[in-house]
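Shared chain: chain A. Partners: chain B in the first complex, chain C in the second.
For the complex of A and B:
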């Protein structure tokens, strides 16, 4: 029995490293995780913080001091408490809007990319049109026309204006997956379209979807901040954007009340930076080409690959020696192809 | 230290609040006392100047031409395109009822004393409730040198008949006839309405325009004067329009001003320059740095400016710093279920945390709100029965609010919101225009106050045009909206604005008063009696009766007081600004607010 047609089990016998070591969680991943975790904890801390965001503890822009870490805002509320509530609201809006946008985007992208034909043309046509309109304008128009602005309505509005780029990107991925053989197999075995999309296509682009979701969350938080700063934010709720809105309205910058506008600005920066960094580091995890783990790990895996190659070469030459008299062995296909065939068989 | 020309006070012919010689000295003492204080920002304490910053400081003055120029802001926010004073949005200073630099009025209202001072008319006499007689000043000329005559006055009011869409048309609701005999003008007041106050208010607010110019404009536009566009404005005032572009409006002193003798000289600044800013912040920053001398813009916490050593000042030295002149009103749509009930409205009035609004939303610029439609502390104080407002009125008391609702048969549901017979108190929308920051913040506090007692409410801030339409058409729940600011016709006009049942307008149609569509049988008679009251005693009685009804029925309630105009000055270049201690002029721009421009003094040069 020749090596190319060897069962898969034999191939696995080659020395492999610990599977977790191949998920190279880089430093930037941990930094991103800490940032995001910090913001999430800040949002949660509002539940245990002694003063509520609506409690008047001082006057207009009291400076920090007297037990108030960041003084008071224009309503005389504790800035720390408002910041916690605002962070929570912004995170909720980000999550909900991210889920809405990713769901719509992935659904449109999957269907159009996989089904193709006139449906693809139609869906992508719509997507391109929506993509061409600056979403902030659509956002403002929808927000103005809403009878009542709550954090949920705002999140959904942001979600339904943010999906197009996800749809386009997912479509590209899905149409590439659609040409693979396992899809044919699934078709032959009688699977219906939804089942194929969910079981045979989606898993292949799931990593991409997760990264798109992370970007959508961060984009939605910033979109909320932009809308709220214009005064179109959720009424009766604190968010990082409304905090900035009131700071602007009451001229915190001109009156030197830095404590009213710096904390929400910094948190917003941390949130978007954290999420973007998380996305980038997840990209490295999912996409081996971008993997840039520790130098030592790189060397180890390089050494491992060299070892593998040497072992393979050694076994080959041994077999070649054995099969020297057999001319057919020269028609051996590439090793990879052999494995695949073996697997399918 | 006589910065005050006494002849002018005698000429003005009215009993102005006595200006004591001592007040000038007191100002000096104050400045001395502040001598040892902070200094900085190029400003220094000045012991020989009055009417300087609240910290007693003054600047060193600008150099060059700018030393003789006055920089003013807060009246024009977009490039000036049209100086037709009858247009929908004319540019400053042709816009309605602003500083009398180019156009002037017949009479001038003083927001501190409530007096009507002479303007183009040297004196006026009121004959009971039947007529008003005005005598024009001598020697008034237009900017082009032509003589100002009674014909110009008659034509100005006549325009209200020529084009009934103009604001001046409302003059003819209250007036039957205007006639002239030489320089004497007689106004016959409408015999049914007998509303002297409203007529005087128009005389004090309507700019008199040149007949020659507007006759031509009427011909050109086919009597559609509001649509006429012009880049010029010719008046009788102490300044002429020199230049207007995207960035500024420049007025130059009229060296041949007729009022040289009447006002005791020409105005001090050779030029008045109004830079056009994009936002409040731009103007406030320039003001703080002394690049603007005087302005009418909302500045949060203005006291920080003089605390940090800037020579910035206001009329009053202590909070609220500004003389109150208007009261933003919490308008209630009484056609809505729940809001129909006066007990609910009274509970609402008790629920609001007025002190928070005054302290934070209004930056401390408002005194305690009384349960009355009369503004305390200024020109209207004499009509106010303060004790009654306190004993029969409302104040912030959430427990009382809940008690009133419980007594009226309302009970809290599982969601914590009061309801009775299936009528839930809320959710209601509180509206006011986006960007009117103090009102936005005030309504946020109201919404919070309501939620705390069990009335469901949330804020909503659409654009101004939309809010105006909603409120006029009765398409709203609750709103913060303006009513008449102090003028010769208030407090009567304010009662009429809030409560009048004359010409009730159905929902969906445009109303110009009583936006809440509050209905009552007695109010029209009370309003008529108050308008026609012949003497002060009966006027006060009639106004108190109206105020009683207001407190009983709560068709709306005031949220805070606001100055008619924010009057803020920076004594970097000019001193002798009007202050409480130096009260030769009221803290205003319109009406009698033209007085200080003749008296301010250049510091440098």
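For the complex of A and C:
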């Protein structure tokens, strides 16, 4: 797991002249950002796009052309317009569900990890029980029980089924922070529990929380798509999932109407891949052990690291691997890093 | 003694989870305002020619049939009793077929596609991931990037792309279904050959995603192990590369084996939508039909089966892990 106090550790290593050196944004980060930004812009574009998603502009599966970039869907609606509206809905559901899940997860994790005792037992017991029941099942059951699902109810339902793994991870982090000295200082100075949790513990796990949130958002978007494709989508609204649902129901794939199903498929893939990549690159920003320098800085140590890696791979030289915790100790991490250099270049 | 305590503790938690799951399964659909029977009756009588009186009769017979006139706790007891005797009830949608029959027809298709896909995908994925980690360089870069992409891609998206690319455009495989029209499922060679041609596409779409996910996991585990202290120690001791590779491989495999067990547990519910995309007559398609017909007994039975399968798989993994790895046992009983 990432060390929550990463920036402090790094202070020593970074030269004073450039305080921003510690934030090395990798290519991977920029690729992820472009992907996510593209999806967000697509969702926003629905507001300025001239055709509404419910406007009938043609008949069943009109091919692209004639002023329509992606033709029409099974209702004769403009696919581009439906896609924009659907992307927006999916993003809203993802955001709301992500906020709900992360809030519950962080609250449960913080309290159980920090307070400990029977409260921890109880909360973690509940978490483990919820974690053991597959969430898609609970989602299906709740969705068929709702008299009518709107995008908001769907988002909240997805959120309240997705929190347990965040809670477990946050608990592990919080209980490690709980043993640090500054917590004792805060206690001795008379801070109350909520204040200690929010001011003294939360900042240390904030980076982790942000990453968990990113994954929750993409997870929620995919959960919504899965539910919608099963026929449990938000009623009267377009989402990426409902778009696929209708395309499948009206045989778009078999009849070769690629314009009806490829756009939402591609956007869902981009969302999923983009958010995963974003999380991975944020992990690198927050966790110095995973960090890879920019090209310029890499050059300085490249020779030494290559040498180390080669030496280690050949396993002929003795190396002190005790300092794996220290980001500056190149011995062990370099070997891993040499291999890890992959990713999206 | 310690092991016994560990197992007892785990058993207790999984029993609690099972009770919670079964209760949720029973309660949630019954929280629907109104009555599921309303929908069925209004669907049945949509034709028109039925008078209000007849409608009332049909309604009443359905209510008694499904026990909806009894108090909730009594319904719950009946439900529990039936579940434990393996009777999952009668379908609303295709009345009077029993749910057991419907699921019995669908389950073999789902298992036939997924079990081989999981096992083959697991073997190939681990091989690919381990080789990528050990070899490094360009090989690793391309394998890792493509595996990451595949594992990040929602599995149903890949299914749609494969179906369109390989069946509709290229025409290599038949489009949708599990066997040709006019065939009846049997174990005759001609039917099996026919079913096989429909089998490839769903199988392929699942196996590819699984390879990607396993390769990503195996690669990072192997890289993590490569940096372990024991590797350095072994090297300092002058132990040969082959031996070290063995150590690394064995340690990296443990979590992967858990993954395999869990995948087999989530088998039934793992690829519900793949079946929809390929119009494959498995549990996913059955669930979809049940949802569109408000066929609550079928929905409940499917969700119950999936939940129990997942819980049992999780339980087995934890027990096996407790036996294999004493550290986990100690941590769980608070003796660390």
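Operating definition for what follows: the second predicted complex is superposed on the first by the 280 of 345 C-alpha atoms of A that agree within 3 Å, B and C clash if a C-alpha of one lies under 4 Å from a C-alpha of the other, contacts with A are read in each partner's own complex, and residues count from 1 in each chain.
To be clear about the criterion, contacts are C-beta pairs under 8 Å (C-beta built on N, C-alpha and C of every residue); 3 or more make two chains touch, one makes a residue touch a chain.
Predicted model only: the values in this text are computed from it and were never measured.
Look at A:76: by the touch rule set out above, it reaches chain B but stays clear of chain C.
Within the superposed three-chain model, A:217 lies out of touch with both chain B and chain C [touch as defined at top].
Looking at the shared chain after the overlay, A:125 reaches chain C, while chain B stays out of its contact range. Of the two partner chains, neither chain B nor chain C is touched by A:91.
By the touch criterion defined above, A:60 lies against chain B but remains apart from chain C after alignment on the C-alpha atoms of chain A. By the touch criterion defined above, A:138 reaches chain C but does not reach chain B.
More residues of chain A are touched by C (comparison of chain B with chain C).
With both structures placed on the common chain, the touch criterion links A:148 to chain B but leaves chain C unconnected. In the superposed model, A:269 makes contact with chain C only, not with chain B. When the two complexes are overlaid on their common chain A, residue A:258 makes contact with chain C while staying clear of chain B. Contacts of chain A with chain B, set against its contacts with chain C after fitting on chain A, overlap at residues 144, 231, 253-254, 256. Remark: chain B residues 280-281, 284-285, 288, 299-301, 304, 353, 356, 359-361, 363-364, 427, 429, 434-435, 437, 440-441, 444-445, 447-448, 451, 458-463 touch chain A in the complex.
Note for the complex: chain A touches chain B at residues 54, 56, 59-61, 74-76, 144, 148-149, 231, 235-236, 246, 249-251, 253-256. Of all residues in chain A, only 125, 128-129, 132-134, 136-138, 140-142, 144-145, 147, 222, 225-226, 229-232, 244, 248, 253-254, 256, 258, 261-262, 265-266, 268-269, 272-273, 276-277, 312, 315, 318-319, 321-322, 324, 332-333, 335-336, 338-345 touch chain C in the complex they form. By the touch criterion given at the top, residues 13-14, 16-17, 20-21, 24-25, 28-34, 133, 136, 140-142, 144-145, 148-149, 152-154, 156-157, 160-161, 163-164, 168-169, 175-176, 223-224, 226-227, 229, 232, 235-236, 241, 244, 266, 269, 272-273, 276-277, 287-288, 291-292, 294, 296, 299, 303, 306-307, 310-311, 314 of chain C touch chain A in their complex.
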